[in-house]
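In what follows, chain A forms one complex with chain B and a second complex with chain C.
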Partner chain A sequence: MKDERQITAIQSAAILVSTIIGVGVLALPLFAVRAAESGAPLVTAVSVLLAFVGLAVISLLGMRFPKQSITQYSEDIIGKWLGRLGSALLIGYFAILSALTAREFGEVVITSVLTRTPLEVTVIVMLLLAALATRNSVTTFAYIHHFYFPLLLFPALLIVALSLKNADGLNLQPMWGNVSWTRPELWEGLLTITALFQGSFIMTLVIPAMRRPEKALTASAWGMLIAGGLYVTIVAATVGVFGSEEIKNLLWPTLELAKGTSLPANVLERLDAAFLAVWVTAVFTTLFSSYFFTIKEASKLFRLGDHKMFSFFLLPTVYVMAMLPRSILHMYEIIENVGRIGLILTIGYPMLLWMIALVRRKRGNR
Partner chain B sequence: MMFAAQFAKTIKLLIVIGMVVPVLTGCWDRLEIEERAVVLGISVDLEKPGAAKEESDVSHLKGAFPVPNQRMLRVAVQIALPGRIPLGPGEGGGGKGGSEGTVWVIDVVGHTLDDALMNLQQQVSGRLFFGHLRVIVVSEALARHGLQNLNDYLRRNPEVRRMAWMMVSKGSALEVMRAAPELERVPSLYLMSTLDNAVRLGKFPVNYVGMFWSNTSKKGQEAFLPYVEIRKEQNIQVQGMAIFTYDKMVGSTLPFDIAAYMGIKGLNPAGYRGFVPIGNNPSRTVTIYATSRKSMIKASIRNGKPYFKVSIFTEISMEEKISEQFSINSSDILKEIEDTNRKALKKACENLIEKTQKAHSDIFGFGEYVRAKLPNYWNKKVITKGAWQEMYPNVDVEVTVNTRMRRVGMKAK
Partner chain C sequence: MLRRPRKPRKTASADVQDHSLEQALEHSKDKLLGNELTSSERFFKELLGLNNDFVMRRFHVFGRYPAVMCYYANMVDQALINKDILKPFMYVPSHLEGKEFELGQLTEVLLNDAIYHSACKLERQLEALVNAILQGNTIVLVDGLYDAFLIDTRNIDKRSIDTPATEQVIRGPREGFIELLGTNISLLRYRLQTSDLRIRTMEIGRRTKSKVAVCYMEGITNPDLVAEVDKRLSKIDIDAVLDSGYLEQFIEDNHYSPFPQVQYMERPDKVAANLLEGRVAIMVDGSPMALVVPTVFNQFYQTVEDYTERFLLMSALRLARLIALMFSLVFPSLYVAIISFNPELIPTEFAVAVAGGRAGVPFPAIIEVLVIEISMEVLREATIRLPQQVGGALSIVGVLVVGQAAVSAGFASPITVVIIALTTIGSFATPAYNAALALRLLRFPLIIMAGIFGLYGVMIGLIVIANHILSLKSFGVPYMSPLVPGNFEGMKDTVVRFPFSLMRKRPSFLFPQDHTRISGQAVDEQADSKGSPLNPLKFKEERKDAEE
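Coming up: the complex of A and B.
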């Protein structure tokens, strides 16, 4: 296809931001506070840096092979079969990630808003929506993200800004928390939060469609800065308002923050409904990206010209996986563990590829 | 051919949309307003174990409740009657005891809050809806017994908002729920506006249930709630603060102590009046009120113990003078008033701090200053909430007050 190189650097940054901001934002302050109490914003910031390292490697690889995505260049770098194995693992991992996103979405909705709607329905609706949307080209994919990007960012910033009037700076001190930075919980939490940024892996798929792939690293930096900045701000606001000990009692502190925040002059007494509307969009864009990655890369792995066939073909598998966790707590255990293990795939594996590519002087044709 | 393909595509799309639409409507959670029982207020009292006889077997069989202690709760709810609540000031026309017409107060007993509410649901047709819950009244006896169960249920319920007010009533909480003040047609809203206006007038620090929960959780701070009493005109008086350790009430303060509390925390607006006898001569007394306050709390370590320096600055104005024997006409006399007020406020603050120290309840959050500003000390010597409660009575707090008297009203002498 000739016209597939249309995505601008700004659009790729928008894709990154709206992909990263997703279902995890609700539980994020809880993960961060469990790791480091009042040091939660700092832990989040460190996680952003860690996630950026992974994203930078992806961008550098993409700039080295500007016409290919990871499924294709991995075969060049480490050989056909090893590369295929790696790609298959990645595809499977993103299918699991999509399933968990849909399930977490369903759990939030059934607990807080639509308590009597069956979980199956919310999950299926979300998956159907994502599956329908993935039947488009990469360019349309970029347009959809670009369209939703401001709708996600500005309401979220507004809620954070409004909630700050209830915040107490004392809750954010000491900055590194009253915990030792060598304890295992802290490292687990750090990795769990880093795992929330894994959606940024979508960059590998965006670069071959970018008009100027050499700008990929800049776009990645901006995307990570905006999404990471928002995450750190949300954590800081939540900890500032509730204090770290209270957050340990809340399953979704960010939702509670929206619940306790009101628009000035009695326009809206609680913002959780508005927040949930934004959040549903955020979940959709995240799910859209991870599902798009799954089917697009699967079609490349099987050397298919068109990815549309997979969009509904994979749906039942993803749905069944989404239904596997037995309870909400079981689901979060799975999300945390799977996310941490997945970092090997989304940060470790590209890093390995990059180093081998450097050593073997492999380079894609421009 | 082209046309047929286009047509088939349209049909396919229509089928997909047709399949999706019924799922998107969210009909499972449809709840018409007249089908829900909107709970505006809840009161919870402690009951004698004998009250179990009154209970019917709704959520458990008689005698089969697996609770070690035999305490019972009496829960009353105020349910808004749809259509009866006037929307504007012009509507309705009021009449005596107007509240009887707008809400419905029902009380039940139960072993836990949920148990009681389920017993209640059994008698009420509409689904109990807590999205508009504004006021939670707890009797002093229950507060002293502990609020764990209550806090757990309310935190868990997604409908309850953190902006509701929770208060402790002197005596029966049910009576507060049954009270029908004349001013507002919805009693719960009257209760709520009593407290909201107290905040606006500077009579009480803002303290929604969410803030109460946060303060309960904090390691270096204890929570407090408004302590209210019902007066003879069915009105509610804020009687001070009910102070807690963990979730158990351990004492109460006088209304005037609230002023000292707000002074120490530097909270505005300032709403309390103070009597100042100039030069300790009771016949030369003036009433002053504070217009704004600032405070700074500094924590340090002295002799291996935390040491706090509280500096309070208040701006005051004069409101009345008790006799014509003396006149207020020079800035020197204002200086004298400042001086006396400084001593009086310092004394009030020190008294309140001492009172809370005796109760092991650090409602000011001095411990949070240690945790935040002196983390090395905290991590070595304190660490837990319990340890801070033990340490709090032994710490030294030095209060310094600075006052400026600015205005004297419209009278020249």
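Coming up: the complex of A and C.
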């Protein structure tokens, strides 16, 4: 397949936003409140900054090597075998991430909407949907994200706006939260929330297909600003409505927020099922990105011209991984741990690559 | 090894059976006409003489040289042949009377002095001559000459130019294309009286040899697009092209997609507008539908009227059409999903009413909707196929009686009937029949998904459809342009049609060579210089002056 360089800066920002916004939003306020109680929005904002640092490094690396993706330039920077090892770890990690996303959403669906449907079915449907979509080119990948981008923002903002009438500003005070700096949960929570932004790693795949790679950093900043802004808004709205103590008892506070709101004029009496239905697109885009990253980079690692072969080839593996967690609680434990460990791969590893590239004065040909 | 002598493949009898016109033509390819009349006459007689409507008329040119005229009796203008061919061939022109010509001078004299018909030329290729006769032209063979006279006498009966049946408008031109290519080209030329309108013709179809015209605007249309259209058309090898729909299925990008990637249109004004945007139109002799490429999804809910009527009102109507389009796709599946999985979504009073209506219905909602949907499709198909006199009666019987009876028999709930009726009407509101057809078809898998997975299933189905649409391309133009990828100039003509003063450039996703559609300067000047000659104040003062 010949190199396509068609993705604009706006499209890459849209890719970032729709990749980041995903099933994590449903549990996000819980993570944030566990970490800092009423300081939850602040903790989220700090996480956004932290995630942006990681994304900025990836963008800078990408702009340094505008024609290559991470599997290719890592070999240039730290040598063939070390680079391949790093890429293999990344690919494996994103496969796990895809599996966990599918599983998490499958759990949400069978718990709240399709209570009598087996978990396996919802997970398989989600994975098939993503696998089918990954058979397209990078350009179509960008088009799909671009198309869904407004569809993600609108319902989330609508829910937030409608819930404001139930909100109480007192719930958000004190802004700094009632926790001490040394509390381990605070730092764990910070990292967990940062891990929710790991989808932004897709930028390393997008940059080689961008029409003007030098705009990557701007696109990243915009993408992070929109996604991060939405996350902070949602956390603030949820805490404002329920208060931090109540949220600790809720598994998916954002979904509860949707349950509590209704459209004016009573068009739809409850919004949770509708919200969840629309949220399928958000989850799809996230899953699509992580799975696309997996198979695209895997095909680059194995020096294959076409990535389509992998899209169904890897599916059984991902499915088995998705079914590994024993229960919903076990799954969240895994998600939190895997996410935090994954930060080493998605922020630490690129940072290392970047520094070595600076020291060794490595630079991709433009 | 010894090689056995091969048997001759064709036996004599097979030869006779295979003696079709095509093969004879193939045989005589590149052969030239001889100067002996008898042998030429025999050739045409053997080839075409078996047909009863083939006429060979012998006569003498200027009373001296034997000649033969051949044509198909039912495809020519008889009066024209008598007056403009036979007469000038038989009589020496009055200004040359009394002069003697050699045989060598005869061609010159005939062509330059005798025949008064503009479309007359000399031809010596046998194949070309036969094809000319088949097209309805007349040839005249003269003994001793190597060239035959080929005279255009084609006269095919045609229906009159009529209001286009598929694209009715309230405000706008009333002409539609007809079957004859020549008339269609004249309709198009009448709308685009510019030297930039280029029309290239080619023949496609091994047996029908249908004339295909590729039309585009020089200086606007991207030349790469024209080249690609030519390339795709020239690769077609089919025995017959009976309608432009045949060609569409060869030049489209994705054959397995339910969505049309080539738009057809019956209106010359619409084709002209599309050419001016930088598209290419393809017309086929014998088809009243012109194909226009490339096509994007937006075109399917737009009509000519959007531009002839003022922008504000038509933008609102466009929105209504888009909603109808979406309705016809998702309405029944949403109903099934909500009724069978999430009745808590709808307001309680309404939910009670729906449940009351469904109380006597023994089937689950999905079966009920599917059955009614399918019978609706059957009714619709029947109404199209039936003769017009019966059709009207049937549709009333079908919709009123069957629907009412189904409800009172406890077979369907009244709400279902309402939903299906709305859906059907919604699909009629879509201007493009082929797009409405695609959505009509996709409705069924969506209903089934809704029956299995509820709203979740509907969303999955919609995502699959959207992903497919986003991966489609028509001649390289992404199907959702100008929405995805974003193109600001093009977005001015999507759901909302901007006023002309703001749509100054042609949509850039077609990469036209000339971008300017409306001169911005002129628009600004016009806005500044609008006077008000009938301002009542002015007249009041004038009257006051007069009174004083």
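Basically, the second predicted complex is superposed on the first by the 363 of 366 C-alpha atoms of A that agree within 3 Å, B and C clash if a C-alpha of one lies under 4 Å from a C-alpha of the other, contacts with A are read in each partner's own complex, and residues count from 1 in each chain.
Definition applied: a contact is a pair of C-beta atoms (placed from the backbone, for glycine too) under 8 Å apart; a residue touches a chain by one contact, two chains touch by 3 or more.
Computed from a prediction, not measured in an experiment: that's the story for all the values here.
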item	value
First (chain B), second (chain C), both or neither touched by A:Thr218	neither
Chain B versus chain C as contact partner of A:Asn249, first or second or both or neither	first
Which of chain B and chain C A:Leu114 touches, first, second, both or neither	both
Touched partner set for A:Ala133, first chain B, second chain C, both or neither	second
Contacts of A:Val125 with chain B and chain C, given as first, second, both or neither	both
Contacts of A:Phe147 with chain B and chain C, given as first, second, both or neither	second
Partner chain(s) touched by A:Arg270 [first = chain B, second = chain C, both, neither]	both
Partner chain in contact with A:Thr233 - chain B first, chain C second, else both or neither	neither
Touching partner for A:Thr317 - first (chain B), second (chain C), both, neither	neither
Chain B and chain C footprints on chain A, overlapping residues	113-114, 117, 125, 132, 269-270
Of all residues in chain B, those that touch chain A in their complex	16, 20, 23-24, 26, 28-29, 155, 158, 161-163, 208, 210, 213-214, 217-219, 365, 368-369, 371-373, 375, 378-379, 383
Interfacial residue positions of chain C with respect to chain A in the complex	341-342, 344-348, 453-456, 458-460, 463-464, 466-467, 470-471, 478, 480, 483-486
Chain A residues within the chain B interface of the complex	38, 111-118, 121, 124-125, 128, 132, 170-171, 173-174, 176, 178, 241-243, 245-246, 248-250, 256, 259-260, 262, 269-270
Of chain A, residues touching chain C in the complex	6, 8, 10-11, 109, 113-114, 117, 122, 125, 129, 132-133, 136, 140, 142-144, 146-148, 266-270, 273-274, 276-278, 280-281, 284
